[in-house]
Amino acid sequence: MTTTAVRPGKRPSYVSGAAPAANAGRIGTSGKTFQIVSVIVLVVFAIIWLIPSLFALKTSLTDNGVAALGAQAILTNWNPTLHSFASFFQAGDIWNWYLASGITSVITALLTVFFASMAAFALSRLRFRGRNVSFLLVILGIMIPTQVLIVPIFQMLNWMSLLNTYWSVIFPQVPAVIAVFIFKQFFDGIPAEMEEAARIDGANRWQVYWSLILPLSRPVLAAVSILTFVGVWNNLLLPLFVLSNPNLMTIPVGLATVQSSFGQRYADIQAGAILAALPLIILYLIFQRQIVEGVTGSGLKG
Amino acid sequence: MAQASGLSRRGFLAAGLAGLAIPALAGCAGPVAAGLAGSQLNPKTLVYWNLFGGGDGGRMQTMEAGYRKTHGGASSLQATTFTWGNPYYSKVTLSTVGHKPPDVAVAHLTRAKPLWEGGILDPITDEDLASVGLSADDFSEAPWKAQKTNGHNIAIPLDTHPLVMFYNVDVIKKAGLLGSDGTIVPLNSMDEFEAALAAVSKVTKGPAITSANVAGETATPWRVFTTLYNQHADATPFLSDNGAKLTVNWDVFEDVVSRIQSWVKKGWLNSGLDYGTAQSYMFTGKAGMYLEGEWELTTAQLVKGLKFDMAPLPTLYDKPAAQADSHTFILPKKDRSPEQRKQAMEFIKSMLDQSMTWAQGGHVPAYLPVANSDDYKKLKPQAHYASAADHAVYDDPAWYGGSGSTFEGIVGAELGLVQQRAATPAQARESITSQLKIYLNTPSPL
Amino acid sequence: MTTAQAPAAALIKPRAARTAPIPRSVSPLRRGDGRSGWLFLAPFGVFYLVFLIGPTIYMIVASFFNTSMVHTDLGSFAGFANYAEMLTRPDFWSAMWHTLQFTIYTTPPLVILAFIFAVLTNRVRRGQWFFRLAFFLPFILPSATISLIWVFVFTPATGLWAFMQQSLGMTPGNGILANPNTAMIGIAIATVWWTLGFNFVLYLAGLQDIPRELYEAAAVDGASNWSQIRYITLPLLGRTTTLVILLQIIASLKIFDQVYLMTSGGPGVSTQVALGLVTGTAFTDNRVGAASAASVLLFIVIVAVAVIRQLFDRAAARREA
């Protein structure tokens, strides 16, 4: 497999910023030209890619009245104001939405990482009847498109009287089969001798899992928990239908369904878009490497 | 390498716990308890949902403020405005199915019917009405009769919003159609109306009248068609048996639809215009008249320098009729204490009392103490078209029908094509029949 | 490997000794694995059964009944009527077509641009973090943010898109999202901007797997940068490209967010996609049975593509081995 991401010991070199082609010393004139052209092309496209976000940011810092006049007015206006952000925070809904998004994302990430790593531990380190069947189920589960199950999931949550609670967003997202798969691959790479040594020393299976395997798996734990957090934060489909109380809505659902009544307040709308993204931008800046590696790893396997 | 990877297991757990602790510290215990334990948020607060954007949204906020002022301040009411259309009705249904509905919600009258069929609504009893001093006599006949279902009151109408004719006073004057009272002369037959169209067309050197029919606009063609269709003495309901039978009188259908198409052929009616452009034609004098619901009053009033007025669509066939719907208040099904019922009714009463604010936006009040008041009768141009509401024709009840519904989408799209001359009336009939077949043959899920 | 082991082993030893001072014999180490195995599997297994397998079964069962959103029972038996209805409904096929249309619009730019960006980023020596930020960051942002930004960019007449069109001497029309012929293109543009980063990092990872010696050997032979890309990078990234395309097809089949948020399937039904039809049938028409039939059909298509992917992966792995 081309997996380079979350496997113990093998670390993708791109993370460190070393490019293979940058084999110093052997770059001729054509190499230099190529470098320059590459950089120019990349910079141009990077700017194109940044424009929508920067335009949204600029708009959110513009007065609603100016923003209503259109792009030209927004781009040529130089009186930044935090009014749109302030009005969001004063209106209060945003706090409840942040709360709902934060609570559901954190709890789902905790439960997913905990339960999936336990299951992966059993599949990777324990020998028992039914193990192969269980693993086959996991592999099959990867193929199940959970989005397509939105209607029956709604019905089941309704039977359990869980609609309009945070649990209705949390529970259906806990069985992330891909997480078990990623953990298992990682655990498979941990040499058996270490575990056996611990067992001989008298550690039971739980202790092996908790005190040996998990501490060794920090990179993959971090990657899976961050990715789960991001996935739950960004989910629209599930919370859109299972949460109808405006006080309990997650940020994307709140922004999508609750409208402000006074016409098109573009600056406010863009401020909302940025507020929904802000925690993730911060998360990215802190955990850049885990996120990129995790996304790559899950993409290659899932 | 493992240590280098940022998150330690303990740190991870701590971060998680901190994430849980922050809300508690912030004192946001309300939603958290509701979200985790399913408890009710604030039993004292009345939860009210609506779908009003634009000018209606602004006026509704004024009315909500009016309620808060007289009923215990900011915490007495939690009002939420959702995005208009199907998603809104989905939210009402799903929240009720999930046992967490709002106390009061707004619904179009034609959409309240399928909600009632689905068991989503609590009936409103005469005692409920009496508890806040209301009775059936307080409401206009058309909407009150229309909401009554199997002997139950299912919704309390706030207004009626019929299809009306907007006209540009300058253009109409040039065409010699302005009466001595400053309003358009009565056009009481098809011949008079068509003569007027010809006259206006001469002034505009283009269409005389516009009606939106492209870019996804299916509701307007339906509104125009069904208005004219129901002016026919031989008109039968388009759908019967809650949508199980297609009972439209096809002869009348072809008569009306061919007539509309003939106007396009003569250049009197636009062939294809989207919603915004259709009204801008009338606003700018490129056309004399414009057909749409009276709610476009707010938009027209914002156009600088425009002199416009409004009138019911003239009776071109045998009897007056105007396609309409009503905004109503519904009580989604939930366990309510007598106090909560009373509270909900008081809110509705407060909204009705403020009908005058609501009427500014063009809607014809259904609450007679306001509709019959001198203040309302003095309101212009409202007074010029309010009679259209007396002849309101509501969409036939069907589980897939009502304002903005699948039914309107299917039929309206075909009617739009006829107006574009992309389909003949016979082709439209065939296509409507075949597309409705799945719905006609499907037992109502309600 | 070694660096990871050493501290961990050091960590585990004293702790293990503390908790279990009496050493056991080696042979029975595997005894009791069975019971523990199930105990370790149980928490995840419960969620797996209740929220993955359960709904799948319920979906299949309900697809044969006239199940309603507003009643708690399954409703009357419908046989294959729901399937027959869906397979003959023009809007079902148009939703499928729009999904295909979306795939056709998004896949080429997502593959080609991501490839170019990754190859170039891989070769520049400084500022890689900046390009990763620019190209990858949108991918982890919520669809709600993406849609709000792009709907605003596409605002008719006064939006940024119209402004650029004007600057280039074009006349902006009614807005790209308001026109049934271009609305899907608008959604595709927003999607390419949003998800390109995913393919970008996949390609970057693929590039890491190409042995450096290949380039060095080629460079010694006097191959230019361009021919290195043409004759080494491109063929060796073939597998990543197939993966990227298959993932894109699966993602396209599940598209919902952008469409719901940017056009709600409109104008008319010109951008309605499969999941939009499913949720509309279930949550607007209240027809859970019919929606389940549509879900099953969509489910089959997606699983088929996923199986093709697995087969492809297997075959590729065999070739490599």
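In this document, chain identifiers A, B and C correspond to the written order of the chains, with residue numbering beginning at 1 in each.
As a convention for this text, a contact is a pair of C-beta atoms (placed from the backbone, for glycine too) under 8 Å apart; a residue touches a chain by one contact, two chains touch by 3 or more.
On a predicted model such as this, the values are computed, not experimentally measured, just so you know.
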*Using each chain's Cα centroid, which is most distant from the centroid of chain C?*
B
*Chain pair whose interface holds the most contacting C-beta pairs*: A-C
*Between chain A and chain B, what is the gap in Å from one C-alpha centre to the other?*
40
*Calculate how many whole Å lie between the centre of chain A and the centre of chain C, each centre taken as the average of the chain's C-alpha atoms.*
13
*What are the residues of chain C that contact at least two other chains?*
3-4, 8, 283, 288
*For chain B, which residues are shared contacts with two or more other chains?*
1-3, 87, 90, 94, 97
*Listing for chain A: what residues touch at least two other chains?*
8-9, 154, 215-216, 241, 256
*chain B touches which residues of chain C in the complex?*
3-4, 7-8, 66-71, 75-76, 85, 88-90, 174, 178-180, 264, 266-270, 280, 283-290
_Going by the contact rule set out above, which residues of chain B touch chain C in the complex?_
1-3, 85-87, 89-90, 93-94, 97, 118-120, 215-216, 218, 274, 277, 399-400, 406, 409, 413, 435, 438, 442-443, 445-446
_Per the contact definition, I'd like the list of chain A residues that touch chain C in the complex._
1-2, 4-5, 8-9, 12-14, 17, 19-23, 26, 30-31, 34-35, 38-39, 41-42, 45-47, 49-53, 55-56, 59, 69-72, 75, 111, 114-116, 118-119, 121-123, 126-131, 134, 137, 141-156, 159, 171-172, 174-175, 177, 180, 191, 194, 196-207, 209, 211-212, 215-216, 230, 233-234, 236-237, 240-241, 251-253, 255-256, 266, 269-270, 272-274, 276-277, 280-281, 283-284, 288, 291-292, 295-296, 299-300
*Any idea which chain B residues touch chain A in the complex?*
1-3, 5-9, 12-13, 15-16, 19-20, 22-23, 26, 28, 30-32, 34-38, 41, 52-54, 57-58, 60-61, 78, 80-83, 87, 90-91, 94-95, 97-100
*Across the complex, what residues on chain A touch chain B?*
8-9, 11, 95-96, 99-100, 102-103, 106-107, 109-110, 113, 154, 157-158, 161-167, 214-219, 221-222, 225, 241-242, 244-248, 256-263, 286-287, 289-290
